[in-house]
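So that you can tell them apart, the chains are marked A, B, C and D in the order they are listed, and the count of residues begins at 1 in each.
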Amino acid sequence: MSDERFGVHVDVRVRFAETDAQGVVYHANFLVYCEVARTEYFRALYGELTADERRHGRDYDTTIVHAACDYRAPARFDDSLRIWCRVAELGRSSLTFAYRVARITDEQLICEARTVQVAISRATRKSTPLPSEFVSRVRAFEDSLSAGSRSA
Amino acid sequence: MSDERFGVHVDVRVRFAETDAQGVVYHANFLVYCEVARTEYFRALYGELTADERRHGRDYDTTIVHAACDYRAPARFDDSLRIWCRVAELGRSSLTFAYRVARITDEQLICEARTVQVAISRATRKSTPLPSEFVSRVRAFEDSLSAGSRSA
Amino acid sequence: MSDERFGVHVDVRVRFAETDAQGVVYHANFLVYCEVARTEYFRALYGELTADERRHGRDYDTTIVHAACDYRAPARFDDSLRIWCRVAELGRSSLTFAYRVARITDEQLICEARTVQVAISRATRKSTPLPSEFVSRVRAFEDSLSAGSRSA
Amino acid sequence: MSDERFGVHVDVRVRFAETDAQGVVYHANFLVYCEVARTEYFRALYGELTADERRHGRDYDTTIVHAACDYRAPARFDDSLRIWCRVAELGRSSLTFAYRVARITDEQLICEARTVQVAISRATRKSTPLPSEFVSRVRAFEDSLSAGSRSA
């Protein structure tokens, strides 16, 4: 179930609120699980800083421009799911995350997903390049994870 | 199913997303339906103004301090529900709404609810009196609704 | 804002519950709007029957295997949105819907989306061909819509 | 922040999906947090059994008939919240849970809540007494927690 390309993961328990009348997790909720993993990715990337501190002094926001999910198997109430997350692509102003959601008990793959975010200038509301500090940090982080995986 | 004390209503269709693995509307979602009705109440109260315009120039926000639901019967996917809404109490800085949710087809009462909101000064973040213009407007509106009901 | 290829639409008002701390509709909620449009599509397709009646006697369920959204512009609280919906592809056991979400007031395109559903046998839980009655009905419905659009 | 009467707790991080355009957790979501705590309560009560196993062989479901929240302070994106949970009342067929939600970092009380569930016979869909095995188990569990708290 681990995947050496995916350096960050977070575990969630399926909430009853997240199920639907088919008895499974409602499909849109996997995008919420991806958001939970993305938040943990940024926490891992910026260790010491809170979400507020990371945003402080930034002159851009990010906005999601694309999201896609491939549903492989249903998940049910109280399932323990592991969401793996990595940066799959870094563009001039865009950031693509890839995700894998699997059930922990039987390693069943549940969902694969992808989101694309774009940096938007707070002043102009137009897309703006990702800061080079951020790009270097992500590259170094992803490299360290690959190295870690290789050596593990 | 109509209730003369309830002057405003809005209809919703139960979305699949709102159901849970028991096959019924997840209980927390009735607070969302109440919010939909409350929004229509303010639209009826302020006819011509958009939500943005109503907020413009105001020096206070409102925040919900209490919410309670009594669930009378389950609602299911694709049910047409009518949510009735009225101001039940006006305090110095607080505003209490009462709600009734019923299924349209069989007039089955589904849920009764109540929310209490408090006006909070944007400057101090402390509770602040509701503007007298607002209070008069609500009183006149509720009176006109009662009168309308009586004459109907 | 109308699109002759899209025969069915439904309007929604953005609920406060659907917004997030960026002040816009949370991205996962567009999949819920798509579900609302899909439900209306089936209502239009099967006019006289309720969701329960449509399911009655069927020996298959459908499950969503893919969903993708392209976000074009943000939507905000109380925006009136129109969701257009059509069947874009009919496979042996799969059904692809395409969606366009636009704001009614300024015709701003907000989101384009696509979902793929697969028919699953209730007995075997494996994919099963869509019934020919269903396929013919969808084809006739889509044709009538195109004809209607052409003549309009 | 601990409260000796509350024997079970669970921690959640506020998801971006759970915030609203006021920048805080949307009020209805606290009922979801309560559900998460209630689920952990049953896990603690029935240690070894999964949710499915706990339900297996039971001839009743439970349904929520009342829920109420008092909101004390706002919670924000990425806040770590602790939800405390206990059985506050055991009726013939009803089960009342009390909850306290507090932010972990500053021990700020965020929300107090209460839900009432009723046991419903699967055969008749009418309320049915809680099984005496269940009642004894809850009483013993709550007693052990109080004892634990006293001795801690």
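We take it that contacts are C-beta pairs under 8 Å (C-beta built on N, C-alpha and C of every residue); 3 or more make two chains touch, one makes a residue touch a chain.
Since the model is a prediction, treat every value here as computed from it, not as a measurement.
Greatest centre-to-centre distance from chain A is found for B, with centres as Cα means.
Averaging C-alpha coordinates per chain places the centre of chain C 36 Å away from that of chain D. Centroids of chain A and chain D (each the mean of its C-alpha atoms) stand 29 Å apart. For chain A, residues that reach two or more other chains under the stated contact definition are 16-17, 28, 32, 35, 77.
The touch graph of these protein chains is complete, with an edge between every pair of chains. Of all the residues in chain C, the ones that touch chain A in their complex are 22, 27-29, 31-32, 35, 61, 63-71, 74. Interface residues of chain C, counted against chain D in their complex, comprise 16-17, 19-21, 23-24, 26, 28, 76-77. Every residue of chain B that touches chain C in the complex is listed here, in rising order: 13, 15-17, 32, 35-36, 39, 50-52, 77-78.
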